[in-house]
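Here chain A shows up in two complexes: once beside chain B, once beside chain C.
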Partner chain A sequence: MASTTTLPPAPASKSGSRSDERMGRRSPFQKLLGRPEVGALVGAVVLFIFFSLVSSTFLTPSAFSTVLYGSSTIGIMAVGVALLMIGGEFDLSAGVAVISSALTASLFSWYFSTNIWVGVVLALGVSLGIGFINGYILIKTKLPSFIVTLATFLMLTGLNLALTRAVGGSVSSPSIATMDGFASARAIFASSINIAGIEFKNTIFIWIILVAVASWILLRTKVGNWIFAVGGDANAARAVGVPVTKTKIGLFMAVGFCGWILGMHNLFAFDAVQSGEGVGNEFLYIIAAVIGGCLLTGGYGSAVGGAIGAFIFGMANKGIVYAQWNPDWFKFFLGLMLLLATIVNLIVKRRAELK
Partner chain B sequence: MNAKQIDQQTLLKDEKDPLTHTPVHLLSLDGVGKHYGNIIALRDVTMAVDNGRVTCVLGDNGAGKSTLIKIIAGLHQHDEGVLHIMGTERKFSSPRDALDAGIATVYQDLAVVPLMPIWRNFFLGSELTTGWGPFKSMDVQKMKDITLAELAAMGIDLRDVEQPIGQLSGGERQCVAIARAVYFGAKVLILDEPTAALGVKQSGVVLRYILQARDRGLGVIFITHNPHHAFPVGDRFLLLKRGKSIGYYDKKDVTLEELTAQMAGGAELAELAHELAELGGHSDVVQEVQAEVAEVAEVAGVSSQRQG
Partner chain C sequence: MKKFSWRQAALVAAVVPMLALSACSSTGGKPAETGNAGGGGQAASTPRIKVALITHAPSGDTFWDIVRKGAEEAAAKDNVDLQYLNDPEAGRQAQLVQQAIDQKVDGIAVTLATPDALKDVLKKASDAGIPIVSLNAGENVSVALGAFTHFGSNEKLAGEAVGTKLAAEGFTHPVCVIQAQGHVGLEARCAGVKEEVPGTEILYVNGQDMTAVQSTATAKLQASKDVDVVIGLGAPITVTLIKSAADAGSAAKVASFDLNAELAQDIVDGKVLFTVDQQPWLQGYMSVDALWQKKRGGFTIGGGQPVLTGPTIVDKSNAASVLAFAQQGIR
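What follows is the complex of A and B.
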């Protein structure tokens, strides 16, 4: 016999279909339980019901719009950070890089008195450049991303403060409200859309589009396959011909791109940026991704999960205000969610690796 | 111990490559060496691989077997000697290079990503796509179907291709890796210790796949430290020890006993038996080793007589 099975011979199934007695039946519900974001989804539903009960205003449309807006400012970054985490890396510079991008756009166009859009495009280049440098150093030195991006985090924090003071003479960038292109840039990055009488910030829609695109890339393109592979086992991926270097650098640049969008929003929502902002936000993005089911060690997770993580963040953040509690409780909530989510992730990973 | 060694110059001198009709080896190494820093992992290794033949590389732990195949697979570059692929000199700079040249490798550690589904692993690095330009997406259904069909053809009946590959047994994973290499049209199939972690039955299955691959016309390089696995399927045997080639034989010129004897090294075995006895080893074990020493000595005696 030319081929034998390595498994105990399964009795030939009478129906001829591929049913297998070893499989057990998996209901759609059980399939759902196997998804990375299921823990976060349950958490989100519980939190939603909880705040609906304790706060009379939480369920009003305008409050909902505010919650979504808060979620989107974290969620936009969480998209890139989740992809990067699935690819096995962190970016601790993501928070300040947002501000670097905003500062680049405002300081450049202010100092050279150009149209705002020149600064905006330059900021895109800077954001992608920061991502590229992070990725390139990581690949070349083989240092952990924790160290590499911690270094860029510190450098960018310093640069933001120092350059803003050197150019504008203050800790805040000068106002660009009266400059050419400000109105059109604000329309793109920081406007509102009125749906049925309720104002929705356009970042909500940008966020949804980014999540959709990232999900499609992750689940339906070969680049998505590579992202899972470089995060799951970079050596194995390289051995079967996956371009590991390009994939990892590309992921850091994707975080840069998300940072650019959020940076532009921060700038055009007002007309100036505080150069010291952004510090600490990198952890919020990472927390959103982890709560959403991305494994810290890489190779597992989803973009939708990161979005749910950001939504949980937004609900907890604003829900506490609507419930008229002391906002001090917010961090406690976040910590608890993080702990629960990581425990769920751990169980998922064990189940996947052990037989 | 003096079985006739292969002379690379005359090996298959008048035979033509059945696929390309050129009088060259599919793959050949000539005096290849490699060092990691100041550690010499491999030196002066010469061997050839041809279509429809199984070349076995034998050696103990640390002999340099994995180093040798990593050079062929493009993971490392050799610093001495030359590597020819169908007559042209090559030095692969990445595994992608080697894959593109038709060299597929099933690694000792399998090169699968445990958390990824079987079908994603099967097509990793060679995904099928449909669509155009930026809207190109993976042909997921087709990839799943092919994975299922290819594995079924190898006699592995899968529960579910969506399962993470980490949940499969060692033997099943091994088979997925082999099926993947064969499916992507490899000309040379390298297997690094595919039977090391397997039970008797699973080893048999893998050995059968090696013969299947050979019969499909692939040139197979089979790496193992077990002569009992190598001998039944191999056509040629390269023996490595401490990074050096200590023998290169054609099947007709060598016996299983001779291979075993050369690999083990009679003197070393005798020393081991002595040591075990000294240390008060279990008498059964000591006797077993002593018996093996006697066997090795006998074979060595026979082969030297035959030579003389």
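What follows is the complex of A and C.
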């Protein structure tokens, strides 16, 4: 499964055509249906129409901007997590690593009274470092990534709390809003862009760019083929000369990079970060990738799928509020939405495979 | 294709910003040490005793950080060896109490958010002759579970205080934002508000993720245009709600429960109407101090009634004086 940009060969057609079906041309429509994210896309459209019908505010541009913002904060991480999942691994430390990154930048520049940007660059190093360590331990020990990143998750949770208290004297990082470089950093990581009178958070655009870059890497570069290969069968990939170690470590570092971007957004949007945040979010990222058609076993999926998964989650999350349903049922509806979206995803994919 | 060296690019990306910026920030950052930051004075000359403070707090919560600071300051003054333990899960909190009993501590201060889970293990503590003080949650069950006194604020009372003040200022449609669905104390606060202002609505958000808090609250404010005030149940949540109101272009004002330095500043600046403080520092301090008093002379404070540490209202009239203490992390 070196380059699985399309589905595995479809079953032979019943008409008994003489030509080898593997050589046959597929219509553009069939090609589209064969994409990993198409099921999620249908799910997203269904959900969008549904909420448009039940809520009058859902379709207003400003509401749409809010939905996109909510989706982008999950989607940015889902990009890295989807790539990693295609590469056959999990990262349970992703949610907490976001906060670790934000705390690093905040506490370092606060404690040493440096320009904020010094902390931001250091945080990038720390985020990539966490990814590298995850990947390195995984490769060296050959333990499942579930165990390795669960350990990092717990360690980071502890470090976040202990170091924040030790350095800042409180469990929440001190406010850095008045420090040098804050304004420019906020402009880059947590500003809004006004399009036709509607404020759009810039995380939305960062998200779109990340998805585009990740899709390009997956579908148009050698590295993309490596990712599919190591996720499909790492040993076979190694046998044909794919640098498995480098690819896997690189994927974990890509998750770290996404975590850094989101961490910086959290920090500069809210000035201060609470050290206990982030726990549990790693599952949202994985859920987004899975809804988007990434296989839990690796080797199959797409970056666009992860983005659509995040969008579905963002729509369900905010749509329930716009629909003004009884809040006691919020979590139930959220779960139901996700289940329905995934089932639609599944049905569409099965039908596509039968064609 | 042109050869492109990633190594060089990374080096440039890392070094250029470092060089371009002067490394030091002229404003903000860690304040210079101010010498004795409080908690000073001589420790009591009584023999050293061991006290366990066991709470249902999640790790990394700002509110509980203040409780802990109060407890630590009392411990320093009273020559107490304080052990702070916390677990949000009821069963595990009970196990922590059991561990304290096993260590033969001289006193236990415990929060009673889940009285049923704790009653058996507290019975054991009473049987072992360990004095118990309850704090924060559980004033109604405190005596029944063997505590000789309770320090806390009644959550419902605090909610009513907020509701009364909102009603007096003419608000009719508040949204009460709960950051942990099903949390008894938080639900009681909103119930108290609703009792005074019947138009109150409840919104649940994920308190573990500030971006989710912000966007969900924005969604709510966009959906219901007639909301005139949003109420945050914790200081960091409220600070985020200010941004939601701005994002949604809503005219809704913001009110709050609890306090931290940023929130105090926002009240001074007029961005938040007021907050109801339950003085968590006092809860920690008094609990440890009461256990020491018990040891010192068999004293019991409160006359069998809970000792209330709140609600106290912080608004524009007194926020400036509170701010100084909030910055020290004790309000």
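The definition used in the following text is that the second predicted complex is superposed on the first by the 298 of 355 C-alpha atoms of A that agree within 3 Å, B and C clash if a C-alpha of one lies under 4 Å from a C-alpha of the other, contacts with A are read in each partner's own complex, and residues count from 1 in each chain.
In the analysis below, a contact is a pair of C-beta atoms (placed from the backbone, for glycine too) under 8 Å apart; a residue touches a chain by one contact, two chains touch by 3 or more.
Note that the structure is predicted; figures quoted are calculated from it, not measured.
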Partner chain(s) touched by A:Asn134 [first = chain B, second = chain C, both, neither]: neither
Chain B versus chain C as contact partner of A:Ala229, first or second or both or neither: first
First, second, both or neither for A:Ser173, with chain B first and chain C second: neither
First (chain B), second (chain C), both or neither touched by A:Ser145: neither
Which of chain B and chain C A:Gly299 touches, first, second, both or neither: first
Which superposed partner A:Ser106 touches (first chain B, second chain C, both, neither): neither
First (chain B), second (chain C), both or neither touched by A:Ser93: neither
Larger contact residue set on chain A - chain B or chain C: C
Partner chain(s) touched by A:Val240 [first = chain B, second = chain C, both, neither]: first
Parts of chain A lying in touch with chain B, wherever the complex brings them together: 2-7, 10, 18, 20, 22-23, 216, 220-222, 224-226, 228-229, 232-233, 235-243, 295, 299-300, 349, 352-353, 355
In the complex, chain B residues that touch chain A: 73, 75, 94-96, 99, 105, 107, 109-116, 120, 123-127, 129, 136-138, 140, 148, 153-157, 159-160, 164, 166-167, 169, 171-172, 175, 201-202, 204-205, 208, 212
Touch list for chain A against partner chain C, complex: 55, 57, 60, 62-63, 66-67, 69-70, 73, 109-118, 121, 157, 160-161, 164-165, 169-172, 174-182, 199, 265-266, 269-281, 314, 317-318, 321-322, 324, 327, 330-331
Complex interface listing, chain C residues touching chain A: 14, 17-18, 21-30, 58-62, 64-65, 181, 202-204, 208-212, 214-216, 218-220, 222-224, 236, 239-240, 243, 247-249, 260-262, 329
